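Just below sit the structures, each encoded as structure tokens.
You will see chain A twice below: alongside chain B first, and alongside chain C after that.
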Partner chain A sequence: MDHFPTNWGNPRSEDVDSYNTYPVASNSGTVPHSVREIAGFGHAGGHPTSHTQQPVVTGTSVLGIKYKGGVMMAADNLASYGSLARFRDVERLHQVADFTVLGASGDMSDYQYVKHLLDSQMIKEYNADDGHTLATPNIYEYLWRVMYNRRSKMNPLWNTFVLGGVHKGEGFLGAIDLKGTPYQSPSIATGFGSHLAQPILRKEIENRGGEENITEEDATQILKKCMKVLFYRDARSMNKFQLATISAEGVKISEPMSVETEWAFAEKIRGYGA
Partner chain B sequence: MFRNQYDNDISTWSPQGRLHQIEYALEAVKQGSASVGLRSNTHVVLLALKRSSGELASHQQKLFRIDNHMGIAIAGLVSDARVLSNFMRTECMKSKMMYDRPMPGSRLVSLIGDKAQINTQNYGRRPYGVGLLVGNYDEDTGPHLYECLPNANCLEYFAVSIGAKSQSAKTYLEKFAKDFGEIDVDALIMHGLHALRETLQQDKELNINNCSIGVVGKGQDWHVVEGDRLKAYLDQLESGVAPAASAEDLPQGEAMDTE
Partner chain C sequence: MTSRLQQTKGGFNFDNHVRNTMMEGKGMGIPKATKTGTTIVGLIYKDGLVLGADTRATAGPIVADKNCEKIHYLAPNMYCCGAGTAADTEMTTALISSQLELHRLSTGRQARVVTAMTMLKQMLFKYQGQIGAALILGGVDINGPHLYTIYPHGSTDKLPYVTMGSGSLAAMSVFESRFKPDLTREEGISLVQEAIEAGIFNDLGSGSNVDIVVINSEKVEVLRNYAKPNERGVKEASYKFQRGTTEVLKTSIRDLVDIKETVNIHTSEAMDIS
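Now for the complex of A and B:
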């Protein structure tokens, strides 16, 4: 194997190098430090700056729905490595504050980094010890700034986040994607869920005449139904998921659960069954 | 002048355990014209006496808007105050930008304290030559009044004054402070004017040119009382009539309701 990373993806011979990438590493010896910093050659080992261009270990859809008195969210416990169901006990719903939960789809290492950022912010607030804390809209704004800042550096955090919470007696539900686009709605579904679950969530809300007519029990059933649909049709999903409930009483994140599924029909699918 | 062996720089103690340069900076605050601050359970009022360098000169600015929920009154070097108010405005904008939250007053005051402290411990620096009264209204914790001095002391008060002859105003405020909690803004302003009047030199009077009033409180953004409204308060002060309780006459904060 070629252990020289700047050669990776390039022609093996330096005689065939139409992009003139070959001598990049050697620049570290001849170019002054200040120039390297500006030109972007400045990282350790003299390798060129690298940016995230694709997610690696990924989580699939996160769902969120407002109901009377709060917000409920759902995400399964799977972190995939490509199409491989690599990690099957990952918690993708994280309690950030007393009344705020973060749900993450997309790259799981970026999610862990953002969790760390938010937890650090909350600790900073706590240490100020002055009676102020960050409420859900404040955390949302901060998350938005982080995501937009990173996309502006052409190095995005490869996630779509869902932030759910309760603030001043009202439910709060918002999403932010890797480009830093904020979006608030009575129901939110990321990734595959935006195609498969969001229509169901919207219809359920519409049929009841608005989220104010949805009880906590209704919301649980609606989300379970959506998770079942996602498990049937999203090949990166898993029938093991958690629900987060945020209400005036605080945050409750359930133990992992599953839904009943029926696979008898699969026999009749050409190319799947017998 | 006073020859003192231990006042050449900020970072040398005197054998009595004093830092003379810091004390001189506190004197600079006392050279400035007086500022008065007082607060009820819903509002903070800041008042200041404005000097003019001559008949043909304008009056100095004593009140500065920091943000919708915050304003300051100063005594001492105006140029230092401008630097600090610029810092405060920047911090408030950062808070809005990063968290969509008005800067909590207590935190901003601690930041000023940190800045001022550095100037009291590092060789080659000088302390700020200005004292600040910071008035702010916080949605969660209500109205607050802070005093920030060059010695990096930042304290919260019910009522306080700084600047020339501010002790006279303090004496007035101490006498009436127990009433301030429940009274309305008009009454609070009248008390403030009475206190400010105590700081005047003999044969001088408060008028619309030499007097500034700033108000911030529940449902009211920071605003400076000017023109006819200011004149009405000064007329009341002159006639000695008790303050009328008509909150409707007060300027209203933008897009917020009052009570």
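Now for the complex of A and C:
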């Protein structure tokens, strides 16, 4: 399992072909005939079946912050194919129920599968027709169990999800990673955001003395500042992102927006030393 | 019969490489070097520059030194922050400091920052990254203030604000949010302090106190332990046991050694200095 983004995106090595059921270039030089040889260890190459994959099309950081009256989340609209900025209009913030938003970073195909799982779950709840709908903490627990179960089968969904919502008048914000680790906090940041944005989010909350002292405008400014820093310093980010606001009124996912960036300092730089 | 003189080969001697790989294969690897973990920063303000560093030195997961000095003296007008292997940063800066003094005596002039940068990068490149020293070099010379980063493999960057070390992303997020050209001395020091504190509190490899050095064309101020945000709490009570807590039942003293004191009186003879 390679968690380090710097190792992703390199071309796959040709000598390992896990989709091949017939040997292309096997070291033994002979065509295997016995079932044991081909299928006994799962692969023609002689190595056992393994599922733990690498992410292919990936989304970068997702940010979340609690404020007075709700929760705000941010994620850019980029899905990268290694170092290629492949899909530039992807919505990584997704409304689930009336008061919940799911943000996804990591493998985009696994995110689409999870969206499908959550849809099925919502339909099941609707069919039960018992007057209850799934609330944010319920969806969080469901997602946690799905992620942990998959990791226990050594076949993870390669994502870090952020779940934000409002439940019983209180904001809810949590994250679950590919290993099934759940983590709730007034500020959440995944991927590069955990290194670049989390220090800023934590400092802002500390300076204001808690999430009750952050207004919706404050939260917007704080998240925009973080998205700017991420665009400067995350090489797999884009200056086009959406903000999602969840409050007692419901969910509002904004249109894509961008931040102002300053590059004038470059005019003064010549070379790298002498 | 004379034998041919051995030519001295430059750089590292890799003769032990085969032996080392064999030993690592058998489970006996190289002992872990003390790394500095570290958050180091530098920025240029209106009248000069400010360098900052945390004070934690780690050996793996253990804090080896709670209050080490990471800002090293190079010349009266130049200081160098070091991240990476502690021994490497210490010895490299000491070596170049000595070379700079000889250079200064030879030329009869104040050393230029670019000279120190060139000496450092040429040495680090020669050792092909085996010397794990990541440095932030800052100084003021006849051409004004200069700030350089030097990487273990020998590449350099010349920038208005820089961060290095494991806490560099946390510190850079502070700089990217709030740096602007022509800061005042107080603003510069405050920004450096905040950047280092972001590293101290959000990075496990950095901790303890904030060291700051301010350099301008007139003077150098070394502000060791400028901020101490992690002071140990004072113990509320004395936990010493009082005499008499354990009841003494019997006392017996035995002399194991006979001590005899004798005083010899010599007639002193004059020292023979012929």
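Everything that follows uses one rule, which is that the second predicted complex is superposed on the first by the 215 of 274 C-alpha atoms of A that agree within 3 Å, B and C clash if a C-alpha of one lies under 4 Å from a C-alpha of the other, contacts with A are read in each partner's own complex, and residues count from 1 in each chain.
Criterion: a residue touches a chain if its C-beta (ideal position, glycine included) is under 8 Å from a C-beta of that chain, and two chains touch if they have at least 3 such contacts.
Because the structure is a prediction, the values reported are computed rather than measured.
Visitor: Go through the superposed model and pick first if A:L163 touches only chain B, second if only chain C, both, or neither.
Guide: In the superposed model, A:L163 contacts neither chain B nor chain C.
Visitor: Tell me the contact category for A:V229 with respect to chain B and chain C: first, second, both or neither.
Guide: second
Visitor: Applying the touch criterion given at the start, work out whether A:L134 contacts chain B, chain C, both or neither, answering first, second, both or neither.
Guide: Only chain B; A:L134 stays clear of chain C.
Visitor: Between chain B and chain C, pick out the one touching the greater number of residues of chain A.
Guide: Of the two chains, more chain A residues are contacted by C.
Visitor: Quick one: is A:L173 in contact with chain B, with chain C, with both, or with neither? Answer first, second, both or neither.
Guide: neither
Visitor: After the superposition on A, what does A:R145 contact: first (chain B), second (chain C), both or neither?
Guide: The answer is first: A:R145 touches chain B but not chain C.
Visitor: Between chain B and chain C, whom does A:I200 touch in the aligned arrangement: first, second, both, or neither?
Guide: second
Visitor: So in the complex, which bits of chain B are touching chain A?
Guide: 97-101, 104, 106-107, 140-141
Visitor: Would you mind writing out the residues of chain A in touch with chain C in their complex?
Guide: So the residues of chain A touching chain C come out as 192, 195-200, 202-203, 225-226, 228-229, 232-233, 265, 268-269, 271-274.
Visitor: Can you list the residues on chain C that touch chain A in the complex?
Guide: On the chain C side, the touching residues are 114, 117-118, 121, 148, 155-160, 169-170, 172-174, 176-177, 181, 194, 198, 201-202.
Visitor: Would you pull the chain A residues touching chain B in the complex into a rising list?
Guide: Going by the criterion above, the answer is residues 128, 130-132, 134, 137-138, 140-142, 145.
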